[in-house]
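Below you'll find the structures, each written out as structure tokens.
Next come two complexes, and both contain subunit A; in the first it sits with subunit B, in the second with subunit C.
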Partner chain A sequence: MKIFQVALGILAAIGGFVDIGDLVFNSAAGATFGYQLLWVVVIGVIGIIVYSEMCGRIAAISKKAVFDVVRERVGFKAGLVTLIAAQVVNLMTLAAEVGGVAICLRLLSGLPYRWLILVAVFGLGAVVWITSFDWIERIFGYGGLCMLVFAVAAIKLKPDWGAVAHGFVPHLETKDTLLYFYFAVGLLGAAMTPYEVYFYSSGGIEEEWTEKDLGLNRANAIIGYGLGGFLSFALMIVGGALFLPHGIGPETLGSISLGAQVPLGEIGLLLALIGILFAVGGASIDTLFSGAYNFAQFFGWEWGRYRSPAGAPRFTLGWMVLLVLALGIVMTGVDPVQLTEYAVIFSVVALPLTYLPILLVANDRAYMGRYVNGRLANVLGGIYLVVILAVSLSAIPLMLLTNVGQG
Partner chain B sequence: MRQALLLFTLLAFVLAGCNGGTVDQHALDNDSESIDSLACEGALLAGEIANTASLTNFSRVHAGELYTRAANFEDALSTRPTTPGIEKAVRAEAKKAGRIAALFDQLAADPSNPALAAKLEPQFTKQGGCT
Partner chain C sequence: MSEELDIGLGVVDHQLLDSDGRRCGNVDDLAIEGEPGKQAEVVAILSGPGVWRERAGLLGRLAAWIGGGRRVRIPWDEVAGIESHVRLKKKATEYGLGRGDDRARPWIAWIPGSHR
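On to the complex of A and B.
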């Protein structure tokens, strides 16, 4: 039973970790710098594991999700700033993911994009309304596993494995230093997007974790995000082995899917499209829930999918309003891929406001009792906070200086 | 609250600042690289249609998307003002983008025709100077 529960967590993490932002940044980083930036994915994955484990532990022990903690630890005013920043980024990400779902459906069906945006929004709304939390994890997690086709594609493309290994060591072999750092910041932002911890900690409460589930929490965080990171490596290797030598900058989900078609043919393409559809669909639901969780936790409303919609009416209204707003944004014709690039960079700015309260509460015996952070978690948490702060200060200047990564 | 306002202002600034304006050498170089990238992707897509099998809907939609991007470059580079001395190069790049758009248009119109794709592949390669 425990193994099954871990498997569910792993599947949910894969579906949630590899969203449209990861797809775009990892493929584009590979196409621009080859394997040079693989080390950044490692840093991002360790960071999200450290903080997810922490907020999962907080959820299991104190029964508080991230925004309960933010409100209690930083006060109403600073908490409100965090909430606004988080919700702006969440909404941008949600709109980008919904657009991504519509693009995938269009690549599969050939039907008009705007109609498919409506199909995506109503489909996601129906899934959230009808389906239980467990089944949402299963559907999108299992579907997202098709993304493993990119790992097979990466191997089939026969990359220079020596160069791949060298990519795990930080180094700089380019004259375009600013662009290199822009991608490094984007990759870190994509790996540590705040909605992942909002969703993860609230999910722990939805699943009624207790101190008995701390091992499960650790396994979910390490294996789940580890596998997510593995897929990110695969996407970057495909970018470096296929797109870079051909002089292609993959800027669309169709281009990214070609990365599986070239080495694996039609079946590779089909699996890639299905995998992307479920991964991006899963991320849509993660961001949708995260937005509603954040509002409800901050303002003290009833929340959770384990309650009926009538049992948590403001939470239900919250996700519905967010879905309608996302629909409005995507319907303007904004390019979801471009939107996700902005969302990832702006999410970096919101990172310290999210992660600092988690670190503080994980060290607070009043909340955590004997389950406060150990030395390793504190050292890593502290180092990552410094990294996050440096990255958040440089994100927007780098975006402006590199013309959003266009050089 | 101020931080949130700053975030909104910067977002509006960045979004509003995209596109348009005078084409300088740096912008021309970037656009030229993007146009070549589109052509090389066209070669890859056409090669897949010609040599293996591809999902028809995917090929039509993706070729159509790449057509739109190439056509947008053609429109922008044909009309936007340029810094002195580079207008001829900018307009030449616009024509190249137009030729690439035309190739994508043919591919999108008949995406399950391997013979046509085989004919278009070297043309994409030539236009983009692809390796």
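On to the complex of A and C.
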């Protein structure tokens, strides 16, 4: 039974971790710098594991999700600023993911994009309304597993494994240093997107975790995000082995899925599109719920999908309004891939205000009793806070200096 | 001094739960009474958008205006316990808490499947 539960967590993490931001930044980084930036993915994945484990533990022991903790530790004023920043980024990300779902549906069906945006929004709304939290995790997790086709594609493309291995060692062999760092910041931002911890911690409370589930929490975080990182490697290797030599910039989801079609044929394309559809659809639901969770937790409303929609009415209205707003944004015709780049870069700015309260509370015996952070979690948590701070200070200048990665 | 600090960290901005375990707002502030030379005492919990006005400048006033500006005063005697959340002795409606959720419910309740 435990193994089954871990498996569910792993599936959920794959579906939630590899979203449109990861697809775009990993493929584009591979197409631009080959395998040189693989090491950044490792750093990002360890970071999200450290902080997810921490906020899962906080949820299990103190029954508090991230925005409870943010408000309690930084107070109403700074908390409100964090909430606004988080919600702006959440909405941008949600719109990008919904647009991504519509693009996948268009590539699979050939129907007009704008109609498919409506189909995507109503489809996601219906799934959230009808389906339980467990089943949402299962459906999108299992579907997202199709993304493993990119790992097969990476092997089939016969990359230079020596160069791949060298990519895991931090190094700089380009003259375009600014662009290199822009991608490094983007990859870190995509791996450590704040909505992942909002969703993960609230999910722990949805699933009514207690101290008995701490092992499950650790396994979910390490194996789940580890597998997500593995898929990120695969996407970057495909970018480096296929797109870079041919001078292709994977600027659309269609061109990213070419990475599976070229080495594996039509079945590769189909699996890639289905995998992307479920991964991006899962991420849409993660961001949708995260937005509603954040409002409810900050203002003290009833929340959770474990309540009926009428049992947590403002939470339900919250996600409905966010979905309609996202629909409005995507309907303007904005390019979801471009929106993703902005969302990821802006999310980096909101990261310190999200992660600092988590680290503080994970060290507070009044909340955590004997389950406070150990030395390893504190050292890693501290190091990552410094990294996040440095990255958040450089994100916007790098975006402006590199013309959003266009060089 | 250390006890005041504990109340600041352990009560203010924490979740309020009613006697049924329903989430019904946050401890947005505390009413404290005292006289020179006597010990100050927490006499009530203040909750609701009306309290935000004094806590976050212009942004707080804007949030209070959007939220309707109500404030609820719950006598400190009504606190049943303070764990990770602050538990109250009676139902939320008896204090006038959770009205936002109660008002929003009819907007959701008519949709088929809203009680599952």
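Operating definition for what follows: the second predicted complex is superposed on the first by the 407 of 407 C-alpha atoms of A that agree within 3 Å, B and C clash if a C-alpha of one lies under 4 Å from a C-alpha of the other, contacts with A are read in each partner's own complex, and residues count from 1 in each chain.
Going forward, a residue touches a chain if its C-beta (ideal position, glycine included) is under 8 Å from a C-beta of that chain, and two chains touch if they have at least 3 such contacts.
Predicted model, so just to flag it, every value in this text is computed and none were measured.
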{"item": "Clash or fit (per the criteria above) of subunit B with subunit C on subunit A", "value": "fit"}
{"item": "Which superposed partner A:367 touches (first subunit B, second subunit C, both, neither)", "value": "second"}
{"item": "Partner, of subunit C and subunit B, that touches more residues belonging to subunit A", "value": "B"}
{"item": "First (subunit B), second (subunit C), both or neither touched by A:63", "value": "second"}
{"item": "First (subunit B), second (subunit C), both or neither touched by A:129", "value": "second"}
{"item": "Three-chain overlay, vertex subunit A: subunit B-subunit C angle, C-alpha, nearest 10 degrees", "value": "130"}
{"item": "First, second, both or neither for A:303, with subunit B first and subunit C second", "value": "second"}
{"item": "First, second, both or neither for A:201, with subunit B first and subunit C second", "value": "neither"}
{"item": "Touched partner set for A:77, first subunit B, second subunit C, both or neither", "value": "both"}
{"item": "Which of subunit B and subunit C A:290 touches, first, second, both or neither", "value": "neither"}
{"item": "Three-chain overlay, closest Cα atoms of subunit B and subunit C, distance in Å", "value": "6"}
{"item": "Contact residues common to both interfaces of subunit A (with subunit B and with subunit C)", "value": "77, 80-81, 84"}
{"item": "Contact set on subunit A toward subunit C in their complex", "value": "62-64, 68, 71-72, 75-77, 79-81, 84, 129-130, 296, 299-303, 308-314, 316-317, 366-367"}
{"item": "Residues of subunit B defined as touching subunit A within the complex", "value": "1, 3-4, 7-8, 10-11, 14-15, 18, 30, 33-34, 36-37, 40-41, 43-45, 48, 52-58, 60-62, 65-66, 69, 128-131"}
{"item": "Subunit C - residues contacting subunit A, complex", "value": "9-10, 13-16, 22-26, 28, 47, 52, 55-57, 59-60, 63, 67, 84-85, 98, 100-101, 104-105, 107-109, 111, 113-116"}
{"item": "Complex interface listing, subunit A residues touching subunit B", "value": "77, 80-81, 84-85, 88, 106-110, 245-252, 254-255, 257-258, 261-262, 265-266, 269-270, 273, 342, 346, 349, 396, 399-400, 403-404, 406-407"}
